[in-house]
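I have a structure I would like to understand better, so I am pasting it below and will then ask my questions one at a time.
As written, the chain order gives the labels A, B, C, D and E, with residue 1 at the start of each chain.
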Amino acid sequence: MNAPLLCCRGLEAGYGTSRVLFGLDFDIRAGEVVALLGRNGMGKSTTIRTIVGGLRPQRGEIVFEGRPIHAERADAIARLGVAIVPEGRQCFPNLTVHEHLVAFAARRNGVAEPWTPARLYALFPRLAERADHLGNQLSGGEQQMLAIARALSTNPRLLILDEATEGLAPVIREEIWRCLALLKAQGQTTLVVDKYVERLMALADRNLILERGRITWQGSSAELDARRELWGRYLGV
Amino acid sequence: MDAIFVFEQLLNGLGYGLMLFLIAAGLTLVFGIMDTMNLAHGSLYMAGAYIAARVHEASGAFALAVLVAVGVTVAIAAVAEFLVIRRLYRRDHLVQVLATFGIILIADDAVKAIWGVAPLLASTPAALAGPVALLEGLPYPSYRLLLIGAGLTVALGLHLLVNKTRIGMLVRAGASNRQMAEHMGVRVGGVFAFVFALGAALAALAGALMAPISAVQIGMGEAILIPALVVIVIGGIGSVRGAFVAALLVGLVDTAGRAFLPPALRAVLPPAVAADLGPALAGIAMYVLMAAVLSLKPAGLFPARG
Amino acid sequence: MSLFRAEGLVKRFGGLLATDHVSLAVEAGEIHALIGPNGAGKSTLVNLISGLLPADAGRIVLDGVELTALTPHARTRAGLARCFQISSVFRNDSVRDNLLLAVQAQAGSSFRCLSRRDAEHALQERAEALAQRTGLAEVLERNAGTLAHGLQKRLDLALALAARPRLLLLDEPMAGMGPEDSQQMVALIRGLAGETAILLIEHDMDAVFQLADRISVLVYGKVLTSGDAAHIKGHAEVQAVYLGTEVAG
Amino acid sequence: ADIKVGIALDLSGPFSALGAEARDGFELAIEKLGGKLGGQPAEFIRSDFGGNPEQANQLVARFLQRDGIHFFTGPIGSNAALAVGPALFAAKVPYLSANPGPSAYAGEKCSPWFFAQYQNDTYDEAAGKVANEKGYKNVLLIAPNYPAGKDHLNGFKRLYKGAVKDEIYTKLGQIDYAAEIAQIRAAKPDAVFFFLPGAMGINFVKQFVGGGLEDIPLIAPGFSADEDVIQAVGEPMLGVLNTAHWTHDLQNPANAAFVSAFRQKYAGRYPSVYAAMAYDTVMAMDAAVRDVGGRIDDREAVLKALKNPSFKSLRGEFQYGANNFPVQNYYLREVGKDAEGRITNKLVGTTLEKHQDAYVGACRM
Amino acid sequence: MPERFPGLARRLPWLVLALLAAFPLLAPALGLEYYVGFVRRVLIVAIAASSLNFILGYGGMAALGHAGFIGVGAYTVVALVEAGVSSAWLAWGSAAVLAGLFAAAIGAVSLRTRGVYFIMITLAFAQMLHYLAVSLRTYGGDDGYGLYTPLALGAWLDGAHAQVFYWVVLAIAAAVFALFSRVAHSRYGHALRGVRDNETRMVALGYPVYRLKLAGFVAAGAVAGLAGGLLASHNAFVSPSIMHWTQSALLLVMVMLGGAGRRWGAPLGVALWLTLEEVLKLYTDYWHWPLGLLLLLVVFHAPQGVAALLERRAGQEGAR
């Protein structure tokens, strides 16, 4: 298949003196959907933070489209086409919904059908109703939708979702899964963290299981499905 | 007290309000929108006034003086931004107060060393020195019309910039959650530097334009800082519209207080009391207004952030 | 008579009617779940009940006592405690200090200002007991801000429990938790059922159906229907606007 | 031991421009005397106190306790003078004011240790007389709303015989005067008397003329129309009438020498009344030391020498009244242009002769 | 607190106190008489700063009008003296009480706002007080009011020693300081810090947040008023300039220089700032910019203030 879009080698990271990640090695190939699994506190968000430049790795390297990015600043990494839906949404309190969708919009070649505000509103009609509301005037779920739409508005090469279905009503959750499947069909490369393991498996090409800052298992969804003992051990299900 | 007089005083109030807005504009941008408390804004205002006064005196060309003042002040501000301010964006307001207070102390001594402590000559451009007749029996200083025009232009420009342009959105995003804005690809450092420079340009513009009708001297920056802050706070921090409305309100209240309050009190109170009370009340009108607004609306008239 | 009643609560945000004359009752000892689409007004309702937002109309009554006119903190003292959708703890303090602050509020006289608080054994003991109950005993000395998400949520709950509430308002306690933590939280909440009634907002349907004695569905600021799990699962409209296909019977 | 002089300067704060003028005057005098007083080696200890009376207090404590000064001078503001006086008087250190002459020290709280150069209201009294002489029947008065402002207006009214059209009190530190100017235009007075020190005066005159009221004559006490204000306002100041006890074109040899030395040292600038008073102050000390033959520690003798000054004052002849406030002439000045076209004050004539302040009667000394 | 150096940490305050107490007796021998007055002023300002530190550092209330309360205290003394009162205790006590009352009224309105709005509304009230004082003719207006005869401390104290006032100030400062340190660790102190860190949560926990804050604000106002009363006696003079907004700003600056919320922050900040001011003025007319530079240095290299820097030093040495 294609050369890896993202490549992590020997990644070590942590907060202050405490180490959280101990030598992660993994690739994400273009067009692939990769699920990052693991129980709470195992370092999933930390991994993501390290990739997007929110946290400087203590050791190891991250290569995106052939260029090392582990020393880059967060904004530079984002402009290369890495978009994140962060844990806790982090909508901008003083931007309206509509502004969230136009302020960071970027076009990238190679995207067949770029996301426009109109398409994003079609995806989340609720946001269209709230277009003039400020980020802090939204309900929790509305903020979550906005965070996803905001990430999509940059038409990213690599989309990273950290618990993106958190706080969403079941119907909307369904909607998100459908949407991610659609994106996958369009060739969107995605890294997902979510607690709904079964739904994730249905979507992902490959799964990584993180246990105390180490990747203890990786494989296809079919393989994971077959090895239920992993679920109890590493996923707490 | 005839109608024309009342009308004239209203006009004076609006004019003063627009002057206040002009002075507060740069601060609205840097403090209100970018959420950075820059007390040294007054120093930039002073720099603008001093440079404009000197250039005008030397060259006789007022427009040139204003341009040079804005240019040089922006250059000074860029250096200050690079050395100090950019390290402050992420810190809390009090720390910003502390650091920029430090800059004021340094700036005042620097101005003293360069130009001395005596107030500088700053004359009105000859073409605008006299009054024009707005109405029969209502002469109005033509230079003030220029200030009013400048105030309105800046207000409109600022409103469009902040609310209608992408850079406005990026500034607001960066100010409220810098980390997230960076994750969205915004060069927050660059955007902030640009906005700070713009704020400095507005400060310098205000200083240069105010120089001909006010004293150009050390401390002039601190003297306008408080009214400018009052305006921003009454309007609601982060709202250009709020600052604009508040500036007009303060201008009107202040002017009305000075023009109508003493005679009104004289009509109802014993002369001795009225003579003491009237001017005293007029003097603190701005602060009373602020305290009243904030006790009713704790986040100003147009709260922009929730 | 119900332990708690909200009657005709109304909240407008500008033109938006976020809470549209909502009436709701919670019985003593009951876990009452409140579900509904995003933006239906669930958190708003909790904010109205806890007093963080002033209601435009309506009244609330706890145990026969009208609380409508009380300030938020007085409502807590009257037996109405809450958790937050985004956990709200004292991030720079240790878990112990967090808990101490909570039990101290309950112990009253926060204006005592000359004796060392940390030397008060009664407070320390209560804090430790609380930590024990909520599974925070191991992390007592850790800074709350560095705790994993699930533990922070638990701390958030522990802080609310310190007030010994009669009615506990939980806004998405399971949010951001993995299956394991969720299960623990479910167990924890179930363990509370005896001592306090609970109004639970949650989008995790597994948890809701496991816990709730009764479920009310809020849509566009109005209560659509109320009933037990079976009733809700079978309700066509609820399925359409909220449950979707995820929970099919 | 050296003779020690404590000089408290206003080099920052509200009076810094005037403080700098005074400093230049002090320096010129010290230079002229070669750093000595009455031929004795002297030390001049100068320090800025930022225009804040509390800090002035602190500084004077230092002068008294640490440095053991023999003379004190310096502050521009009346508030500082009032703050530091009691400590100096108690320590029996002569305070030669280089500017303020507060009414308290002229009257009730007068002290043998305090020597003034004028009483604060006397300029206004002279201005009131000028208004009479010019035949103004309806004068409008304007001053900041604080007791000193009212004192100055009262001073004006003391000798002024016409009607007061209106009294306008503005707020301290006011920037915009449009409302007041509109009131003045509506009132149509024969003249406007303004006491607006510092930046307020600069703002006011600039806006007054810009508002098209240049036909209404402006009268002011000297400090509202001195060189500092004139240099900052420029053309609009032309024609402003003001009164003072000294002016740079006053004809006497001492003054001529002073003015030319000053202009030489300070780039052609004309000295203001503050510079002149500072210079005179040092000269008064010099004469007193000489008169007591250097026996500086004989405080009473020094006091006596100060009371009967033997130096040639820049203002010409004067004598101290019973309250140590001078009995002297006051002059009318008008802002005009000198031979080189420079805008400056010009002497018009003598308004009050051998004038004494109004408070002397209250002084029991 | 640097527990790693327990002996010194516990003894140091007593050592400092003893030194300060002995200072007036030693000063004449060392030729430092003037500095007795200077230290007295530092102590008085430190009292005011401690009270600001209490609400700022522990309560998160950044009041930019604290000089207003100092002014109220000072003018209370003036008013009482004008009315013929001569007892220092009565005058200072009234200063504290009246300033506390003003703080209650001002706080009741101001504490409805937060953040910058709070900064500005406290400034507004202080400005009103300032203008009021400026226009008060009876008390001299802008010219100020001289207190020509010192207030009486009571029969045996007055005659005891020339420096009795110094010791009184020292005792009050020590008491205020000890009181605030103690309160910081009490239930109330913890509650106040909770309000600073997460006000919404404190409400939900059942704390009467507004009253907690108001109580702190009133206490701080009263202590500032007391300092104002002492300052009036110290200067034997009061003028509106003691409540000019720059004085409020300076007080904030001194507290933050020392370290807001630090036990030693306020006195350290005050001592450092006033000493530098005093010393720099001896050598140059341009004495502002070094202070400005100092502020920048503190902001970037000791963001928690000088006190934190020293604590860290002490901690490191202890570890070594």
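Criterion: contacts are C-beta pairs under 8 Å (C-beta built on N, C-alpha and C of every residue); 3 or more make two chains touch, one makes a residue touch a chain.
Bear in mind the structure is a predicted one, so any value in this text is a computation, not a measurement.
> I need the common contact partners of chain A and chain D, sorted by label.
Chains touching both chain A and chain D: B.
> Which chain has its C-alpha centroid farthest away from the centroid of chain A?
If we average the C-alpha coordinates per chain, D ends up farthest from chain A.
> On a C-alpha centroid basis, what's the spacing between chain C and chain D, in Å?
73
> Could you please state the distance in Å, as a whole number, between where the Cα atoms of chain B are centred and where those of chain C are centred?
47
> Please work out the Cα centroid separation of chain B and chain D, and write it as a whole number of Å.
Taking the average C-alpha coordinate of chain B and of chain D, the gap between them is 34 Å.
> Based only on mean CA positions, could you tell me how far chain B sits from chain E in angstrom?
32
> Hunt down the residues of chain D that sit against at least two other chains at once, touch-wise.
Residues 11-12, 145, 171-172.
> Two or more other chains in contact with one residue: find those residues in chain E.
131, 135, 137, 288
> Can you list the chain C residues in contact with two or more other chains?
Not one residue of chain C touches more than one other chain, so the list is empty.
> What chain-chain pairs meet the touch criterion?
A-B, A-C, B-D, B-E, C-E, D-E
> Show me the residue ranges of chain B that touch chain A in the complex, using the header's touch definition.
Touch residues, chain B against chain A: 166, 169-170, 172-173, 175-177, 179-188, 238, 304-306.
> Can you tell me which positions in chain D touch chain E when the two form their complex?
Its residues touching chain E are 9, 11-12, 47-49, 52-54, 57-59, 61-62, 64-66, 78-79, 82-83, 85-87, 102, 104, 109, 145-148, 150, 171-172.
> Going by the contact rule at the top, pick out the chain E residues touching chain B in the complex.
Its residues touching chain B are 56, 62, 109-110, 112-117, 119-121, 123-125, 127-128, 131-132, 135, 137, 245-246, 249, 252-253, 256-257, 260, 286, 288-289, 291-296, 298-300, 303.
> So in the complex, the part of chain A that touches chain B is made up of which residues?
Listed in rising order, the residues are 52-54, 73-75, 78-79, 83-84, 86, 90, 92-95, 99, 102-104, 106, 134, 136-137, 150, 154.
> What part of chain B is in contact with chain D in the complex they form?
1, 5, 8-9, 12-13, 15-16, 19, 108, 112, 116-124, 129-131, 139, 141, 143-144, 212-220, 223-224, 227, 254-255, 258-259, 262, 275, 278-280, 282-283
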